[in-house]
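Here come two complexes built around chain A, the first alongside chain B, the second alongside chain C.
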Partner chain A sequence: MPPQYSTALPLSPAELSYLHTSLSFDPPIRPDGRTATQFRPLIAETDVLPSANGSARICFADGTEAVVGVKCEVERSPSDRSILRSKEDDVKRLVTGGGDEEMRDESSGGEDDEVGNGSRGRGEGRNEWVEMAIEIPGYRDDDALPVFLSAMITEALVSDGELKNRLYINQRFHWRLYIDILLLSSPLSYPLPLLSLTTHLALLRTRLPALVSEKDEDPHFNDDWEAATLLYPQSDQTTTRPPVTLLVMSVGDNIIFDPSKDELAVADAVLTVSIGKTPSSGLRLLSVRTVDPPSRLTAPGVPNSTNSANGDTAPPMQEALMLREAMDEHSLWRPPRGGMKRALVGRMIKMVVDKNGVGEEVLEGLEGVDKALEECITAIEAKDTETAKQWEQERETYTPTTIDELIVMLNPINTALNGGRSSRVWMRTKDDVLNLKHRVVRRIAASDTINNFLMDMWAAEVHRASPSEVWLN
Partner chain B sequence: MPLDTSTYTLAHLRLDGRRWNELRRLSASISTSGSADGSSYLEQGNTKILCTVTGPQEQKQGGARRESNEAKVEVELNVAAFSGVDRKRRARGDRRSQEMQHTIASAFQAVLFTHLYPHSTVVITLHVLSQDGSLLACCLNAATLALIDAGIPMSDYVSACTVASSPTGSTSSGDLEATDPLLDLNGVEEQELAFLTIGTSGEEGKVLVLVMETRCRVERLEGMMAVGLEGCGRIRGMLDGVVREHGKNVLEARVG
Partner chain C sequence: MQADRRRLNAPAGGTAPPVFAALPNTKLQRQTRTRKPDEHRKLFLQTGIVPSASGSAYYEIPPQSQQQTELLVPQTSSLKITCTVHGPRPLPRNAAFSPNLLLSTHVKFAPFATRNRRGYVRDASERDLGAHLETALRGVVIGERFPKSGCEVVVTVLEGEEDGWWAGSAEGKEGGWGMMSVLAGCITVASAALVDAGIDCVDLVSGGVAAVVHGAGGKDGVLVLDPAPSEHDGEIRAACVVGYLQSRDEVTEMWMKGDAGMQAEQLIDEAVKAASLARAVLAETVKEAAEIKLGKGDESAVPVNEGKGKSKDVVMTG
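Here is the complex of A and B:
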C-alpha cells in the first residue's frame, strides 16, 4: 500500500530523456553536479538515545531521516541444551528461576553483554538472536517494503557468521539483539542505503555490559557503564565490522553512486551491494541484489510522426510500433529493456570493493564520525590549550573562520565522502578556535549531554544561524 | 519509592536533585525536518519527542466524504520500541495510544482555526524516541511547536505538564498540610505517585486537557491544579522563546 500522502510527481518522457542523456555522457552530468562517485552531504550522530545500548541518527540532504536504536536483553537459551548438562545444573536452574529478573536489577540499563574475552572458543550463536524491526510512516508492518528492507539488512548482518557468536554468554543464557529502525520521514527515494548506514553506525557504537560472572553460572554484570564493552571491538584482530549496503546504478556504460530520486527514475539497472570489512583482508562482498528500476514503469514518449495531436491522423498501431522501434533511442524516451551485461555487474562490484574504492571511503567516513567526536570531547574536557596550539601548527590552507563552517566540517563523513579529505581536516582552524573552545566549554556545562550539544549544533547548521545566536541561550 | 529517600525528607530534593516546583530541562527546536510542512523536536529531561505535521491537505480519497466546514485534526503516535527501559513493540492501535491520540487531537481541534480550511485534514505525527515520564504533556508541547512551524493559525500555544499529589507518607490522617505537589514528573515518579496531566492554552491558562488515571484525595486536587497551571505558564514562556529565537534566526539569515 503506497503512503497516502506522497506528493511525488511523475516525470514526463521529455524530462526522462533529458536526464538519461545527461547521465550517459562521459563523464556523466548529474542534476546536482556531483561526480559519479560523490555522495551527498549528510549529518550523522551517534548515541542519541540514552536508554538504548547503541543508537545513531542520519539525515540525508534530501530531508529523509532515520534513527536506529539497538537494545539487548538476556534470554535463556533453549532447553534442549539441558540434556547435555548435569542434574546439578538443572536443580540450580530451577532454584534460580528468577534469574532473569535478578540480572535486570543488577545491571544498569538492563542488558547483557555478549561473551567478550573469556569463552570465545565455546561461543556458538544462532541467527535468531538478532531481531530487526523497521517502521516506515504510512506503511503497515506487513507491507512489502518494510519486510523486504528488513530481510535485506538482516541478511547482510548475519552473513559473516561472527555477530551471532558474540551474543553467546554461556550455555544457559545469551543476548538477544533488537535492532529497531525508524524512518522519520516518508521515503522519497529508495531508503535502503540510509537505513543500512544508520544501522551500521548504531551497531558500531553498541555496547554491552561487562560480564563478571564465570562459566555457566547466572550472568552478573558490572554496574558501571563505563566498563561496558563494544559489540564490535575496535582493536581486535579477528572481528569484522557491521556491513553496509550501497545503492549503485548504471546508465549505459556509466556507473553512478548514491543516486537521487530523479536519477533512479532513468536508471538502466540498479544493484544493492552489501560489503563487510575484515581487518585482515580489506573489504569483502557479502551480497548483491538487483532492484527493479522504477524506469521500467514509465511510459514511453510519443514521437511526433505518430502523434495525432498535430492534426494528422495517427497511423495504425502496428505502424506506430515499428516507427517507434526504428527511432534512435536518444531522441525519444523508452523504458529500458533487457538485463544487465555481466561485465557491467563485475565493474560495479569492483568499484565498490576495491582498495581505495567507494566502499572503503564510506566505511572510513562512518568510523570517522565517532573518532572526531571523541577527540573533540576529550580536548574540550581537558581544556587542552596544547592541543589547540598543535592544531595551529598543523595549519593547512583551508581555515574555516566562522562557526558555520566549523559545524559543517565537524561532520567528517561529509568531508570524507565529498573530497577524500581525512577526518582530521576539521581541526585545522585559526586562532579563533581558542575562543570557540571556551564558548563551547561554557555551552557544554549548560547542557546535560553531548547529545544536546550536538543537537544545538545541528540545529544551528540547519537554520544557518549566525554564530553568536547559537550561544545566546 | 522516589520520595522515601532520605534526601527528600531532609532536604526536599527529588531523585534527580530537583525541588517540588522545578521543571526538568526543556530544550526544543523547530523546523528540524526538511520534508514535512512543520516539524519540531522537544526534549523534557529524558523524554524526547519528534513531531511532524503535514497539512492542511485534501481528505483521503475513498471512504465516506466528511461533510464539514472545518479541518479535521488527526494524530498518529509512534512509540519507538527502544524508547523505554525494556524493549517493547507497541501494537499499532492499542488502547492507550488511541486514547492519547484522541486527547491530543481534540485539544488541537479546539485551538486551531479550523474554520479557515474546510474539507481538509491536518495530520500530526509524533515519534517518541525516548520516554521518561510526562509523555502526554511532552507530546502536546511538541505538537504545538510543529503546528506553529507549519504555519497553521491557532489561538494560542498549548502547553502541558504533569503534577503529582504529594504522598501522605507517614503523616497522620488529620494532617493535610503534608508536602507540596510535585511538578514535572520523570518515569520513576510517575509509576509510584498519583499524578495528573494538565494542558492549558493562553496566558490566562484556559484548561484544554486534564487527564488523571490514578487516584488521590479530592482535597489535594485544587493544590495540584494550581501548581500545574503555574508550570504550564512557565512552559508556555519557554516555547514562546524557542519560536521567537527561530524567527530571529530566519530573519537574520535572510536579511544578512
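Here is the complex of A and C:
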C-alpha cells in the first residue's frame, strides 16, 4: 500500500509502453543509458554511529539514503523448566509453562554430546536472538512492505546457521542482536537493495566486546574496545560474510539489474535473490522471493478505436473489452498477466550466482569498502603522513569524468572518536582540516561493469564541517 | 501492572495445555517418511462451504496413517485451511480511483492451530504469508476488468503444519519449514475460492512445495515432494514453494529458502511437479462444484442422501 502523502504521479500508458518497448530491445535501452548489469554509483560510510556496535550509511544515486545501526545486549537465556529429568532414559522431556518453546537439546542434541552434561554441540544459538526493525517513512510497522522486507533480510541472515552460534556466550547468557534499519528518504523506488547493502556493511563492522569470564559464570567483558572481536571474523580460513540481497527484473527476454523506479514500473517479473559467500570463496544462494511487480497496478491504455475523444462514440463495454483483448500487446500498454517462465527464473538465478557474475561483483565491491577502512585506520595509526599526502594529491587531481571507480568515503574523525585513535596526524592547520574536510578518498579498482561518476557531496560536507570544529582547539 | 478488574481474566501466569507424563520405558520414535520422494499426501478440497461469502473453499491434508502409541499427544499434525473470498465489491467512496481490482489478502492462524498457542493479533509471519499469497494471486486475477473494486481474500489456518518433530530438539524446529507447506495450501485453497466466487482468472494457480533433505550419508541432498517437516526433523536443508499456472507453464510466486547448492533449479522443478499434482485435485473440485451449480448434478445419478462432501477419490497425476 503506498504511503498516504506520496506525491509521485503515476505513469501514463503511453510512457509505460515507451519504457517497456525500449527495455525489450536487444540489448535493452535503459533510460539512464546503463547496460543491463551496470549498477549505479553509491556513497558508503561505515562506523557513523559511535554508540552502536556497528553502523553504516549508504546513499544511492537517486537520492535514497539509509542508515543501519547494530546494537548488542546481553540477555539471560531461559532456563530449562522441565519437570522430568532423567539421565538414563531416552524419553524426551516435555516442558511446561505457558508459551515456552520446547525443551533444550539435553538428551537429543548432537550424538557426540553427553546426556545431561549441559554442553552443547551444534545448534548452540537460536534464530530469535536476531531482531530486526525496519523504519520506512510513511509506512506503519505492520504494513506489508516493511514486514516483507524485514522477513526477507532476516531470512537471508539466519539461513546459514552460523550467525546465531556466534551470539552464544554460555549456557545462561547470550547476545541479542538488534538491527535497526532506517530509510531516511521517502521510498522512491523499491528500497530492498539499499537496505540490504547497508545492513551488510553495518554487520561487517559490528564488534562484540571480548569475553574475559569463563564457562558459565556471569559474563564479564574486556573494557578495552580495541580488544573487541568482529562479529564476522576475517580470518584466512573462513570468509564468512553477511548476505546481500539483489533486485533482478525481467522485461521480455531481457534481465536487468539494479532497476530504477521507472524501470520497475514496467517490469514483467521481479525477483529478489539473497546471496552469501561460502568458506570455499564461492557464492551460494540463500533465498529467492518473487516480488509483485508494480506494473500490475497500472491502468491499461485505451485504443484509438474505442476512444470517444476522437469524435466517434465509444462501443459498449463488452465490445470494448473484446477489442482490447484482441489488440497486440506491443502496440498498447496492458498490465502483465500470468507469471514468469520457469526457464527465465533459472536464468536470473544463474546470472547472479555464477562465477564472475553480478553477485560476485557486488560482494567484491563491498569488500573493497571494508579494506579501504582498514587501510585508513592503519595509516592513521602508523602516522603515515606520506600516504596522507599522496591521498591528498590524488584528491586534488580528481576529475569526475575520467574516473571509473567506486568511491568510498571514510570518516577518520568518527573512527578516532570510536577507537580513541588520535586524529591529529591529519590536522596540521585549521585550513588543512577544512580543505581536506576530514575525508579520505580511497581509490578502489573495480571491474569494468561498475562504472561511476563523482557525486555531489555538498550536503554531506556541510554536515561534517561542524563536528570538526569541536576537535580543533 | 495493575490487575484488570472489569473483566474475568485468564490466569496471570499464562496457560498451557495439559502435558501427561509418559511411562518411564516409553520409546518415542519419530515418524519417518514412508512415501516415495515424488509422492504427494492425499488432499481434500471442497468449495462452497460458507454460503454467505462470494466464494469459499476448505483444504485439508488429513493425517496419513494412525500411529499407535501409548501417548495421548498426537504424533503428527495435519493441515486444515479455510478460505473465504468477498468480492468484487465497490471501494468506499473516499478511496482513490483504482483502474484495477484491489486485492487484499489476510492470512491468520487460529489460536489453536499450533502446539504453542498463537495470539489473536496478526504477527509478522502471518503478514508475510499474506504478502506471498497476494503475489501468487495477483498474477492470476485479471484485475483490469474490475476498476474501482476491491476483493478480499481471507484465509484462516485451522491447523498448521509443524516446523519439526514435536519431541525433537529445538534446533530441528529452526527454519520455519512448516510455513512453506502452509503457504502452498493457502495458494491452492485461495484459487479454489476465487473460482467459486466467479472472479476472472487467467488460469488455475496451484501451490506446491518441495525440499532438499540430507541424504543418508551422502553429501548430495535428496529432493522430496511435499515434505512434512515433522518427518524430517532438522534434516531439511532447503525448501521451495511455487504458485504454478499449468496451462501457461508460468510461475507467479516462488519462495525458496536455504542452501540448495547446485540443485536449485531441480528444486524448483520438483515444486512445480508438486503443484501440478495439487492442480489435478483442484480442477476436479472446481468441476464438481460447477456441475452442482449448473444443476447438472441433479439429473445424473448422484444420490443426495449419500452425504455432503462424499466424492470419489481423484488419482493425482502430474
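Here is the rule we use: the second predicted complex is superposed on the first by the 325 of 473 C-alpha atoms of A that agree within 3 Å, B and C clash if a C-alpha of one lies under 4 Å from a C-alpha of the other, contacts with A are read in each partner's own complex, and residues count from 1 in each chain.
Keep in mind that, in the parts below, contacts are C-beta pairs under 8 Å (C-beta built on N, C-alpha and C of every residue); 3 or more make two chains touch, one makes a residue touch a chain.
Source: prediction; values computed, not measured.
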Contacts of A:L182 with chain B and chain C, given as first, second, both or neither: first
First (chain B), second (chain C), both or neither touched by A:A133: first
Touched partner set for A:Q171, first chain B, second chain C, both or neither: neither
First, second, both or neither for A:L286, with chain B first and chain C second: second
Larger contact residue set on chain A - chain B or chain C: C
Contacts of A:S22 with chain B and chain C, given as first, second, both or neither: neither
Partner chain in contact with A:T229 - chain B first, chain C second, else both or neither: neither
Touching both chain C and chain B, counted on chain A across the two superposed complexes: 109
Chain A residues within the chain C interface of the complex: 83-84, 86, 89-92, 94-105, 108-109, 122-123, 126-127, 142, 144, 147-148, 150-151, 155, 158-161, 271, 284-292, 296-300, 321, 334-335, 337-342, 345-346, 349, 353
Interface residues, chain C side, partner chain A - complex: 13-16, 19, 21-22, 24-28, 98-100, 116-117, 122, 124-125, 127-128, 130-132, 134-135, 138-140, 142-145, 166-171, 173-174, 202-203, 243-245, 248-261, 264-265, 268-269, 272
Chain B residues touching chain A - in the complex, by the definition given at the top: 25, 27, 29, 31-36, 41, 43, 46, 48, 50, 52, 54, 57, 60, 76, 78, 80-87, 89, 92, 123, 125, 127, 129-130, 132, 241, 245-246, 248-250, 252-253
Of all residues in chain A, those that touch chain B in their complex: 4-5, 48-52, 55, 62-65, 67, 69-71, 73, 109-110, 133, 135, 137, 140-141, 178, 180, 182, 184-186, 188, 447-448, 452, 455-456, 459, 462-466, 469, 472-473
